[in-house]
Amino acid sequence: MLTANGICKSFAGVPALKNVSVEIRPNEVVGLIGENGAGKSTLMRVLAGTHQPDGGALLLDGKPLRLRHAADAAAQGIGMVFQEQSLLLNLSVAENIYLGQEDQFLRFGIVNWKAMHAAARRQLAKIGVDIDVRARASELTFAARQMVELAKALTLEETVSRPLVILLDEPTSVLGAGDIKVLFDRVRALKSRASFVFVSHRLDEVLEISDRVYTMKDGEVVAEHRADAITGPELHEIMVGRGLQASYYKEDRQHPPRDDIIVDARKISHAGHFSQVDLQIRAGEILGIAGVVGSGREEVTRAIGGFLPHDSGTLSIRGERVRFRSPQDAVRRGIGYVPRERRVEGLVMFLSIAENITLADLSAVTRRGAISHGRERRLALDWIRRLRIKAPGPEIACRKLSGGNQQKVVLARWMTAGSRILILDHPTRGLDVGAKEEVYELVRELSGDGVAILLISDTLEETIGLSHRVMVMRDGEVTAHFDAPAGAKPDQVDLVRAMV
Amino acid sequence: MDFRTLRSAFSLGWVNAAIPPALLLILILGIGSAAPGFLTQETLLLLLANTAVLFILAAGVTGVILVGGIDLSIQAIASLSSVILAQLVPQIGIMAFPAAILAGVVFGVLSGLVHVRLKVPSFVATLATGGVVAGIALWAADGRAITIEASGRVFTGWINGSFAGLPVVVWIAAVLGAALYLVMRYTPFGRYSLAIGAGEPAAIAAGINVDRTKIIAFAISGGLAAIAGVVLAARLSSGSPTLANQLLLPAIAAVIVGGTAITGGLGGIGRTAVGALIISIVRMGMTFIGVNIFAENVVFGAVLILAVAITIDRSKIAVIK
Amino acid sequence: MSMPRPALFGESNRKRLRRWAPALVLMLLCTLITIANPNFIEPRNLIRVANSAAVPLTLAMGLTFIILMGSIDLSVEGSLSIAAMVTVLLAANDANANSWGWFAVAAAIAASTALGALTGAIQTFLRIPSFMATLGIWFIGLGVSVYMLGGSAVRLMDPSIRDLALARFLGFPLSVWVALGAFLLACAIQYHTRLGRHILAIGGGEEVAELSGIKLRRVRIAAFALAGFFFGLAGILAAAQLGRSDAVIADGRLFAAVTAVVVGGTALTGGEGGVVNTLIGVLIVTVLGNGMILLGVSPYVQQSVQGLLIIAAVALSLDRLRLQIVK
Amino acid sequence: MTGQTKTYLTRPMARRSFLATAAAGATVAALPHRLFAAEKPTLVTSIRSLSNPYHAVWKSGAEAFAASIGLEHVTLVSEGNSEKGIADIKAMLAKTGGNMVLNSDPNDTPDARPIVEACAAAGASVVTQWNKPKDLHPRDFNPFYVSHIEFDGIASGKQIAEILFKAIGGSGGIIALGGQISNTAAIERKAGLEQALAANSDIKLLDFQVANWKSSEAYDLTGNLLTRFGDDIKGVWAANDDMGTGALEALRAEGLAGKVPVVGVDGIKAAVDAVRAGEFACTVTSDPFWQGGMGLAIGLAAHQKKFDPAAEPPDRREFYGQAVLISKDNVEEYYKTNIEAQPVLDWADLWGRVTGPIRSA
């Protein structure tokens, strides 16, 4: 019903989409996979009307369709759930759901709130969630926000008589396993009324939910498969051009940790977030923390990173008792934090690669108190080569890099600063398979060098695969410990039991 | 006008950096051809001398704007330092200079502390500290202008002189400007300022002492405001609690016309120097061309908007607010 | 799925308390002044406080919308003086033969609204930050009114317009009722219209707002025009109160208005706060000014006292936990 | 006073029809003045701003004089910014090569020295009014610094205070509104008020507040003071008419206009009207029309070597000008000669209003 025919789009002369054709049929879920930079998001934005193609055409039921902005797409029943959390946190749930579509509730120019709230409640009921429509979006969990976004996309049903096309741009990237299941259930239930385009990095998810899968590579569609006719590893090979090996998490390179305890937390608590958490990390050890959203694992990592001072218990770094009041204290103790919000907390996007690499510690490039720009450049070039950062040069602004390369810059910064403790907060979020693999390799290398690593991750496999030990948290408390030596990894099921 | 194409044409970095100086050159040549007598050595020297105080003030604010804040207290601090200089010169002679400048630094630090410790937005924090400082200046001057008598002018006279063919005020501005340029380019403080302005959360996570950097920025701003006040006091041979009034907006305008983003993280002292020159050329040019006195403000406002529209580097500003 | 409940437990209450902080500051201020000088709560004084608050309140209503959007409007003084100038020059006055009565008022509002729309257009079409666009408009507005007034103060002789300040209804001057009307209108716009929502949405996140199909340019221009409308209303009230207009009629009103908005608890970063906050903020600033006179605070230190109290009020009402970053 | 009318007599288009002006205003742009012949001196007026009636009248006086002798005249405004005021003057000096006559009301006391020094260095003749540092003297810059003119602020402040006291019957409370704290005229007028108070023990100064010369601030302050003192306020003393009229409007809002007399300084039209209506007890004016024209006339005469400043007696180098009191006794006559008609001054009578040397204390 919605067809894209030979779409071309370039940015500042660089082609992002080259002659891309896809077709979305009624009542089906179309998967869209590809590495970062393959053009998935651009294609989605063209379909959603926020980007205008340079060439090619969109057809709706065979008729040409011109979308000048998001509102045009909405008028045709095309809605989008964005990769970035796109609710406005200062507005209520109902306001978010009907943002941009308030006209229907206007009476003499005045918004009829009662009607809007009732309508919003109806929308949420459709997908079977119960959220107070007057609550501010900032008070909701990530998962709930995702549901609200889905509900928002579904409002088009009321204004458009034709079946909807809902574009889901990496909706699962911030969700825990349980929430993903809920989302998929909703999508399946809604299939009778709408078509979906589903974009994700996680091949298993795409295969699970989709009927058909398009694979994109370098701005082109390189393959189209029925989901039941292809396996994950095959898809992976098409996507990255190499096979998905069993040694994905580089288990063969997992070495036993050393003896010295680097991080030693005893009964640390932060009221309302976590309590009585004991945690030890040895040199060269990767400690994973598993837990659902709200289990307190994020907050524990934030506490050790210096963002959220613990209010009781003791924290020792290399045997020395510390109490961090700011990340700066933590950095001074050799702790490096690799955040999930790379674009916000990871890098100063407008600064260059070189400047970001030396941000935490300028001492390597300063001589007599003055920054030597030549040294800085050489240092950055060195990292670019060693970590295979794909960039024209060290003076390029970080915002122009892909996610994987940005993550490498963050890691390069902490290695420059000589950090011996790394906190990896969802280190592979938003990265494609190939980039993930490179990050895993780096993490193994660092671990082999004796760096103590604290890891929280999107998926259990990743947590288990990478870690030496896994600690499970629930409701702010530690509920279980598992050893995860190479070749004898714990079972996911056991972990999940401790999580919920 | 399609600014998207314009923008992509300007996406090359050096083109963007070259726009403000180019605008400056066009202005000079334009006014020079409209008003013969403008392009003389004397007039251009006068232009430089007239720009000096504005530039010193603007250079200080530049640092604060780069870290993403704003300092509205500079005119009060400049006035206070002029009062301190005028009060103290007869008593302690040349030592009055460091005393006046130190007072500026102290109040700059105070603004910074109010801003970072009490988390009051800098716009309001400095508005308020500016009020406090203005009150102190009134009190210190006992509510009147204080003349620096002939005995005191022995110590302040050198500022009105010339050195190597250039007025001393121009040298002062140039030295301060060069020093700040080096500080911004070669010290960790300068780097941290840019990082904080361009992405404060990332700067925090990288372990940068954001509070200290901001306080230093405010201290520099206060110190430079005080130096501007001292120069003013020396030029006018007196101090007054209202001496630097009306200098705040031109100073901020100079920073932004130069192409420094009001949101922080982008720009620098060099740009501010160009911006300050543009502001004073426009002002002086209006006198030279003989713009209707009633229309001066209108022309100034329009030129301001146009200058910003031309000089601002839109490719490096995420959201135009 | 697990029922998504508000995930923040303890913080909510504290947050709610913070939200009330400006109101508490206001009450505390009133109480302290009353203890020091009981004249403060005399009805006559309260009426006067209301009267002094009329112009700043009307003005701050307009500014609130701009600040909610995350922008700033420095053209307050320019717009206000334009409106005052148009009013006196078109209504009966001592400088020309015009006597258009209430059409003058309509023209004044139209002029400042148009100037606001122009500001918005400059900002959105030339893509320059509001700070600079409005700074330019400030100079232009001031320049035009100086030009039109020829530098002198023109008296407003139209008795019906003067009645805005002189006639009373239920004890309050009409200007207070007009300001109250402006406040209610602003409330209606913020809480009950699409424009109000969209302004908040832009303040909360411009990109998201755009992706939701909000026409940013249109909303921004409308918001600046709306602000211009309120500035115009304030200009008319100021002209009616002073019985004349000169180019400096608006002097010092910008920073007073920004202060009131911020003291009320509206964030300069946009998206948080609103016109009710601003009402409280205006009252805090006005009561403070009134109180300092009632207590006989020396003019030398009034500025300093005001500065310190502003810092205190803003520091008290800020939610420091939420505000990791303050600019 | 005179000024109001003058402004529109000299600029009829700006006032006669708002619409015509609106059209003109919309297209107003940088209209270049004709370039003048270099051998003729340029007359330059430097004042604070054009946004107050006082200086607007000053400018029309200057223009009337310039028109009478057919010389180019330029007005510079400092907008309250000392730096700009001085910079503009220097730019004019550069432009004219020093062949100019400057009549300046320096923005602030300190500004006078660099202005005079710049003029002397360039060979221009300068007359300053109101503000100059005590240790700056015309005699030190012969022949370029021709004269400095002031009006005795103490005398004016005292004179209006005494009339106010008489108007309220010699006893009771008054409030006073002062100008910008650090301003010389504000300080002197306040001193005059204090002298008058010292001589009238039955009058009580309830409070002295600063309204920075502005009517809008005076309006709010007066309202607040009315609360504090209520009916105890029998009269209002204001250091200028702008503040006085602001106070008057606050009184009017309370139904007190005409009952509580107001006095001020400057003689702006609104104040003269208020004197006629019996709402102002009096106002006293330094006659800015005269100041604007005569300052240039004196400077030009010296510049054209019609007299040698160095040879003039001290009381022509630094003197108090003659202030005119406008009270209900003479207001009708004043209105006829100065407001309804353009005053005709004899610009050749350079020293006619010299009342005596300036106090050194």
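Order of writing sets the labels: A, B, C and D. Residues in every chain begin at 1.
The rule is simple: a contact is a pair of C-beta atoms (placed from the backbone, for glycine too) under 8 Å apart; a residue touches a chain by one contact, two chains touch by 3 or more.
Given the structure is predicted, the values throughout are model-derived calculations rather than measurements.
Taking A-B and B-C together, the pair of chains sharing more C-beta contacts is B-C.
Centre-to-centre, using mean CA coordinates, chain A is 43 Å away from chain B. If you average the Cα atoms of chain A and of chain D, the two centres end up 70 Å apart. Between chain B and chain C, the centres computed from C-alpha atoms are 29 Å apart. Mean C-alpha positions place chain C and chain D at a centre distance of 33 Å.
Counting partner chains per residue, chain C has residues 142, 144, 146-147, 150-151, 207, 300 touching two or more of them. Of all residues in chain B, those that touch two or more other chains are 138, 143, 201, 204, 294-299.
Each chain pair that touches appears in this list: A-B, A-C, B-C, B-D, C-D. Contact residues of chain B toward chain A in the complex are 8, 11, 182, 185-188, 190-191, 194-195, 198-199, 201-210, 265-266, 316.
Against chain C, the residues of chain A that register as touching in their complex are 48, 50, 69-71, 74, 80, 82, 86-91, 95, 99-103, 106, 109-111, 113, 129-131, 135, 139-141, 143-144, 147, 152, 178-179, 182, 271-272, 294. Listed in rising order, the residues of chain C touching chain A in the complex are 1-4, 6-12, 188, 192-194, 197-198, 200-201, 203-205, 207-215, 271-272. By the touch criterion stated above, chain D contacts chain C in their complex at residues 3-4, 7-8, 11, 14-18, 21-22, 25, 28, 49-53, 55-57, 59, 178, 181, 207-210, 214-217, 219-221, 223-228, 230, 242, 245-246, 249, 252-253, 268-270, 273. Put simply, chain C touches chain D in their complex at residues 37, 39-40, 42, 44-45, 48, 51-52, 89-90, 94-98, 142, 144, 146-153, 155, 165-166, 173, 238, 241-244, 246-252, 289-290, 293-294, 296, 299-300.
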